[in-house]
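Labels run A, B and C following the written order; every chain starts at residue 1.
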C-alpha cells in the first residue's frame, strides 16, 4: 500500500521508510511515509514484524535492504547507517528497562548528560508530567511496573529526542497500571509536542491514542490512514480478541448539568447520514470538544419496538446490515444507525425468537459507551 | 618453621612480579577481546573463541615449544623483535610475560565475557537510544555491571600465572631473578632430590591456590544473583 | 621356532619385565630391545621419562624391574636406600659432550673461536643433568666460565638444551653427541673427554625385579659386545665391561 493517503505533507514532516526485513517468522516489506505529527500507531499481531520495524527505525537493528529518512535527513540507505546513539530518538521498551545499577535520579541524569542540544523538555516539566518526584531516590528494583515505565518515558523525553518510539509500553503491565500509564500517555500527547510512533496490538490503546494508524499483517502493510478513517478496521480487529466493539468519533453537543449528563453527536464520514445522539455521564468536556467512544458489542441489546419503559437511555433506530455467527453460540449483528455502524452480540436463541434478519429495522439499546 | 633459601625467596618475588605484570596486561588486552566476543555477531567470533580457549586444552609444553620456535630468529616473534631492534624474547622476563599472557588469556577473557553476556543487550540498547556512544556504553554500562567478572578475571589470571610451569620451562632458561619462578624452582628441587625444600615451596603454592579459589568462589556466591562467572 | 626351541631346551619360562628408561636413551633402548627379543623368550616393556621422576616413583613403590638412569647419582641414591639388587649397578653408556650450533659452517673449536658471538649459550641444568655438570667443568677447564657465565641459559634436560639451540634462541649449546650424531646438522665441536669427569649413565636392577628373569637377562644383554655396538652407533661411548 502506498502512502497516497497523506500526500500533502512536506518532507520535513515525514519519516520515510522503505524496508525489507526477512526473518523466519515474517517477511516484512514496507514502503511508506509516516507523518511526523502526533501519534502514529503501528498495529499488528505478534509476529507481524512491527517491533523489528521500530528497532530498525531506531537503529538498533541493521537490515541492509532498508532506507530511512527522518525529516529529509538520511538515517539509513545503501551507503549510510547512522548509529542509534546519533539518531535523535527516544525509545521506550516493552518491558521496563531502567539501568538497574543506577537510582531513578541517576537514570534521568544519564539521559540529561547525553541529551541532544535542544531544550524542548525541561526537567521540571517532565518530572511533573510523569509525577516521579517522590521516586527519585529509589533504585529501580523497588518500583512497580507502572512506575518503572513512567520513569522510562521521562528518561526518554529528557534525552531531548525529536521522535519518540514506543514499543508496546503497556504490554507487560497489569490492568491497573495499564490504565495509569495510558492516562500519562494521553497527557504526554496533549501537553508535549513531539511526534510519537507507538506500537501496539491493542485496538483500545490505538483508538485512544493514535492520530494515524498503520496496520501490519504478516509483514504486509494492510492499512495506512488517519485514525478517523481507520475505526472500521479496528472494529474488525476487536473480533480477533473476542471482545467485539466499535470505536466512534463524537463531539459534545450540549451539557445537562442538572443530571450530570452530556449529549454527544456521532460523527460520520458517510454522506447523507443524519446525526445520531447519545447521552453520557458528564466528564467535564465543553460543547464542541471532540471525543472517542468505544461501544462493546456485548453492551448492545436489540428490541423490536422502542422501549419507553427501559432504564436504558440510549436507544437508536437502526437497520440490520448483517448477521454473522460467532463460535460460542452467539451472533454478531451489525447495525446501521443513520450511517453509524454499531455491533450487538446476541444469542442464537434471541436471533431466532425475534426473527431477526438483514434489512429489518430494530432499536439498538446501548447499555454503556465508554469514553476512551 | 620455613627454611627457604635466598634462591627460593627470589623465585617467589619473581613469580609475584610476573603474575602482577601479566594480570595487568591481560586485563587491558582481554577486555576488548571479551567485549568483542560477547557483542559481535561476526562469524569470526567462533574462530577467536577457539583460539583464546586453546591453552585450556593444549599441553603447556606444546604452547611453550611453539613459542620457543616463534621467538627464535627465524620465527615470527623473533623476526618482529629483530625488526624493532630488540633483543630476543627467549630466556628473558619479557619473554615469560609474553608466554604467560598467551597461556592465561582464557582465564581472563572467559569471566569478563560471561559477565558482559550476563548484562545482556538491553541496557546497552537503552544507553544507545539515550545517546551513549559505544565507548561511553562500555564505561557507563559494562564496567560497573561486569565488576565481579573483572575481579574474577584478575584473580584467576594472577593465580594461573603463578601456577604456570610448562610454558616457562620451555622458554625460560631457568635464570635466577629473571626466569626462575617458583614452579620451576620446585621442579629443580624435586629433580635434584631436595625433597624438603620442594615440600615447603609446594605447600606454599597449595595454600595460595586454595585461598585464591576460595575467595573467588565465595565472592561469586555473593554475586550469584547478579551474574554467573562459572 | 627359535624362541620356542630355546624355551623348551633351556626349560625357561618366558617372562616380562617393565623397565624405566631415561628419555634421552629412548632410541638406543628400542634398538636394544629389538636385538634382545630376537634371541630371547622374554619380553620387555619400557617406560620413558625423566630420571628424577623415576627416582621419586621408585622410592614410592613404582612397579619397575630395572632402571636406566641418565646419570649415576640416582641409581647410587637408590642403592643407598637398599631399593636395588646389590652389585647390579653398571654404567651402560658414557655420554659424549659436543658444542653445537644450528648454523652450519662455523668453526666452534676454542682455538679459533672465543664463543663471544653468542648472546645465549644453552647448557643442561648442572644441578640436574650430568651433561650440564660436564659443560660447566669444560668451561672451567678452558677458563671461560667467568667470561661466559652471563650468557648461560639452563635447560631442564639435554633434550631441551638441544631445542634451545635448534630454535636458535641460543646460538650455541653443550649438547649430547647422540643428538648431534642422530640429527646431523649445523656445526659442532666435540669436547675432549678429559675436560670433564665422565658422564656416566648407570643402570640398576631393582628389588622388585630381583627374580625377574627377563630383567636380569636384558641387563646382561646390555653388557654384551652386540649391545655396545648398538649403543655406540647412537653416539655414546661404552666402558670395557662390555
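The definition used in the following text is that a residue touches a chain if its C-beta (ideal position, glycine included) is under 8 Å from a C-beta of that chain, and two chains touch if they have at least 3 such contacts.
What you are looking at is a predicted structure, and each value in this text was computed from that prediction instead of being measured.
S.K.: Find the most central chain, measuring centrality by the gap between its CA centroid and the centroid of all protein CA atoms shown.
M.R.: B
S.K.: For subunit B, which other chain has the most distant CA centre?
M.R.: A
S.K.: For subunit A and subunit C, let me know how many angstrom lie between their CA-based centres, rounded off.
M.R.: 89
S.K.: From the C-alpha centre of subunit B to that of subunit C, how far is it in Å?
M.R.: 37
S.K.: Go ahead and note the Å separation of the Cα centroids belonging to subunit A and subunit B.
M.R.: Each chain reduced to its C-alpha mean, subunit A and subunit B end up 56 Å apart.
S.K.: Indicate the residues of subunit A shared as contacts by at least two other chains.
M.R.: none
S.K.: Considering only the defined contacts, which subunit A positions touch subunit B in the complex?
M.R.: For this pair, the touching residues of subunit A are 58-60, 83-86, 89-91, 93, 97-101, 110-111, 114-116, 155-156, 159, 165.
S.K.: Which bits of subunit B are touching subunit C when the two form their complex?
M.R.: 65, 68-69, 71-75, 78, 87-88, 90-91, 169-171, 173-175, 187-188, 190-193
S.K.: Which part of subunit B faces subunit A closely enough to touch in the complex?
M.R.: Contact set of subunit B toward subunit A: 122-123, 125-134, 136-137, 140-141, 144-145.
S.K.: Going by the contact rule set out above, which residues of subunit C touch subunit B in the complex?
M.R.: Result: residues 50, 52-53, 55-56, 73-74, 77, 119-120, 122, 125, 127-128, 152-156, 160, 163-164, 167-170 of subunit C touch subunit B.
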